[in-house]
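Input: structures, listed below.
Across the two complexes that follow, chain A remains constant while its partner is chain B and subsequently chain C.
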Partner chain A sequence: MRLTALLSMAAKAAFPRDYRYGTSRPWTFAAKRRNPPGLHRRKVFVDDIPNENWSVFKGDTVEILAGKDKGKQGKVIQVFRHRNWVILEGLNAHYRFIGKTNDYRGTYIASEAPLLLTQISLIDPTDRKPTEVGWRFTEEGERVRVSTRTGRIIPKPPVQRSDGVVREQWKDGPKDTPTEDALLKTYTPSLKTLEEEVMDAMGIKEDRRNHTSYWY
Partner chain B sequence: MAATSAGRIAGLCRQFQRCVSISPSFKLQQTEYCSSRCVSLSNRLSSFSPAVNSAQYRLFHTSQSRKGLEEFFDPPENWGETTVKSGAPWTAKQLRAKSNEDLHKLWYVLLKEKNMLLTTEQESKRQRLQMPGPERLKKVERSMTRLDSAVQEREGALRLLLTGQEKGRPGEWRRNVFGHVYWYRFREHPIPWHLNSRYRRKRFFTPEFVEPHMRLRLEKRIRSKVRKAQLEKQKEEKQAELFPKASAQTA
Partner chain C sequence: MGLLSTLTRGLIRGADRMSAFTSKRGPRSNYKGRGARPAGRLTCSGKFVPVREMIPEFVVPSLQGFNLKPYVSYRAPEGTEPTLTTEMLFNETVAPHIKRDFEEGTFDKNNLEKYGLDPEQKGKLFKLHPKNFVR
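And now, the complex of A and B:
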């Protein structure tokens, strides 16, 4: 086997077919404690929702329909597609101590439990009540979420980049190309290959001809 | 911990720079040219013509100087930082709009940046520290692959137009001793095939005693395909049973 393939195999973590994915990332200590190797738990069946029909995104405001915090509205902070889970900020939370040591009782924090999609409902912006949502096309051709009750478009929440970059406040560094230069078009179609064009520009003349060779 | 690790990288870089003495003229060159991933190309490249002074090409093409080793390292401002700000990688759309000379120069700019980042990565591994700004390496690699694909697209279009050949490298479908039909890519040789003893020893046909094994392989393949299809069907039935679509809710 090629060395690169072997190394990439070692780098990529392999999980069993019946691995039960939880709220922690699989390579963390908590996940490893919960799912040690050799563990076989009963399979969790997840409703297969295709990508086009998925309506809840990070940053949406949704209302809880069932559970401890029924009737409350909260913002989605995490979405787990593999189990159709959604985590809301501060809602459906249980409280626990973390960082416990022998003398110190630890920090008391609220840890939110995930909610299934069926226990959640998107909110209509007009009357701020839970509503069914479908996907429709606007006149411009854009695919948007529309509340089936009132017909109001539910806008997608603004996406916050994981590296914290905000487009409007970006300033180029010393090694970054300015936007106008990057978008400037300098290409003129021609019948010359890149090598020929560069040789012409650099004034390189290649008079040598290849010796006869056989391709088989 | 962060302070000491930052101090160590900074210390190493300082040690290194002491060995490398930079002349003031060279420093001017360095700030103006190269050593940058996405150097501002417009001033020099958009007006690309032989009339532009050849001094520029000379400065660009020859290796900067024997003491150019500091280009293998981050600029001094980044020493000891945990995160380094870097812009977005080049997209294929942007690269397709650039001329061939621009792409040629950008390739080497990216290559030098990649070398710099790989050196930093290796040095951080050696010192058991976190590399500052590891996403820069991914961005540069992606930019380079996109550049390569843009150039290949152009070459392919030109080749198709001028010669009618779809592939740049000749080849043909051949059968090997195990009964597999595969795309055999030709290699360049100085002598014809009938004089090449090693090539003549290769067998591009299947002996008849291999045919039973081919049949068994085929049966195995068919069985596994049928098994996969049955598994998919069972999964769909189970899904329909547990999550009936008639009352399915979307969010």
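And now, the complex of A and C:
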């Protein structure tokens, strides 16, 4: 069959239609163990929320409305769009031992369980209470989240890099090009290729030419 | 046995058939290279004669006053230069000369070599089409 059809088939069949997404990334061993090929589990129904209406982002502070840690506020660490899940730091957690061997009992860590969006509510910065949130446009035309109760804009949390680098506090190392040198414009447009320009600059003359060759 | 463990066992059992069979796998008799190109010619007597032109040589111009380093500082903002297109290159290199000649009245459409344009790629060392250099 056509090559494009074959390639798109391979890309689409990466996950079956009824694949149950969990908290582990799908390519890890744990996820492959839970969802081996040929597994058919009962379908999990997920509210379809379009991308424009999605209000909770990584780094937001939210309050839990239901469950073990009801009433507590926490920071969002991870968001799972395919299951409408949110994981908060240290909240709604059960405790377990990881890395245990035959003689060592392992490290006791808190493993957070995901919370659905319906069990979560964003917090109004003015009175730090849970509110409903809608999307509105500012005077400048920027689309922002607005608390329906007070009308206060809830700013989006700043995106933090996973390697922990903060741009303003970065100190250049010995192999880093300084900012002024990186932004300096030294290119003069010319019709010569790079190789021809280097040959002119170094005074290399090449009069030999290759024999004509043919390939089929 | 449960369904899940039966299906999982299929993952664990068996060799990996899909990865490439390179020279690092197989028995001692499996001798194959990794795609290095020859640097000379094998003569009929069995002797290998290296050919200077087939051995790669790095041609590096003088790096005096060259301040660029391997990495760029995280503090540098994104550049504002637009990506160079063929139209921009033409407008900056050739178009002013053509315009000046046209206004003087000396523009000759059969003599475009004086602006740097090549009529054919036949005698050139670095041909643009078909591209005969590695970049």
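Basically, the second predicted complex is superposed on the first by the 149 of 216 C-alpha atoms of A that agree within 3 Å, B and C clash if a C-alpha of one lies under 4 Å from a C-alpha of the other, contacts with A are read in each partner's own complex, and residues count from 1 in each chain.
What we mean here is this: a residue touches a chain if its C-beta (ideal position, glycine included) is under 8 Å from a C-beta of that chain, and two chains touch if they have at least 3 such contacts.
What you see is a predicted model, and the numbers here were worked out from it, not measured in a lab.
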> In the superposed arrangement, which partner chain does A:117 touch: chain B (first), chain C (second), both, or neither?
Replying inline: first
> With the two structures laid over each other on chain A, which partner does A:172 touch: chain B (first), chain C (second), both, or neither?
Replying inline: both
>> Per the contact definition in the header, classify A:206: touching chain B only (first), chain C only (second), both, or neither.
In response: second
> In the superposed arrangement, which partner chain does A:183 touch: chain B (first), chain C (second), both, or neither?
Replying inline: both
> Of the two partner chains, chain B (first) and chain C (second), which one does A:52 touch, if any: first, second, both, or neither?
Replying inline: neither
>> With both complexes superposed on chain A, which partner does A:103 reach: first (chain B), second (chain C), both or neither?
In response: neither
>> On the A-aligned overlay, A:33 touches which partner chain: chain B = first, chain C = second, or both, or neither?
In response: second
> In the superposed arrangement, does A:133 touch chain B (first), chain C (second), both or neither?
Replying inline: first
>> Please report the chain A residues shared by its interface with chain B and its interface with chain C.
In response: 170, 172-178, 181-183, 185, 191, 193-194, 198, 201-202
> Which residues, counting only chain A, touch chain B once they are in their complex?
Replying inline: 45, 47-49, 53-56, 62, 117-118, 120-122, 132-134, 163, 170, 172-178, 180-188, 191-194, 197-198, 201-203, 211, 213-216
>> Under the stated contact criterion, what part of chain A meets chain C in this complex?
In response: 32-34, 36-39, 165, 167-168, 170, 172-179, 181-183, 185, 189-191, 193-196, 198-199, 201-202, 204, 206, 209-210
>> Could you list, by residue number, the parts of chain B that touch chain A in their complex?
In response: 36-42, 45-46, 48, 50, 57, 61, 75, 85-87, 90, 94, 96-104, 113, 135, 151, 154-155, 158, 161-162, 170, 186-193, 199, 238-239, 242-243, 248-251
> If you look only at chain C, which of its residues touch chain A in the complex?
Replying inline: 3-4, 7-8, 10-11, 59, 61, 67-77, 79, 81, 84, 88-89, 92-94, 116-117, 123, 125-126, 128, 132-133, 135
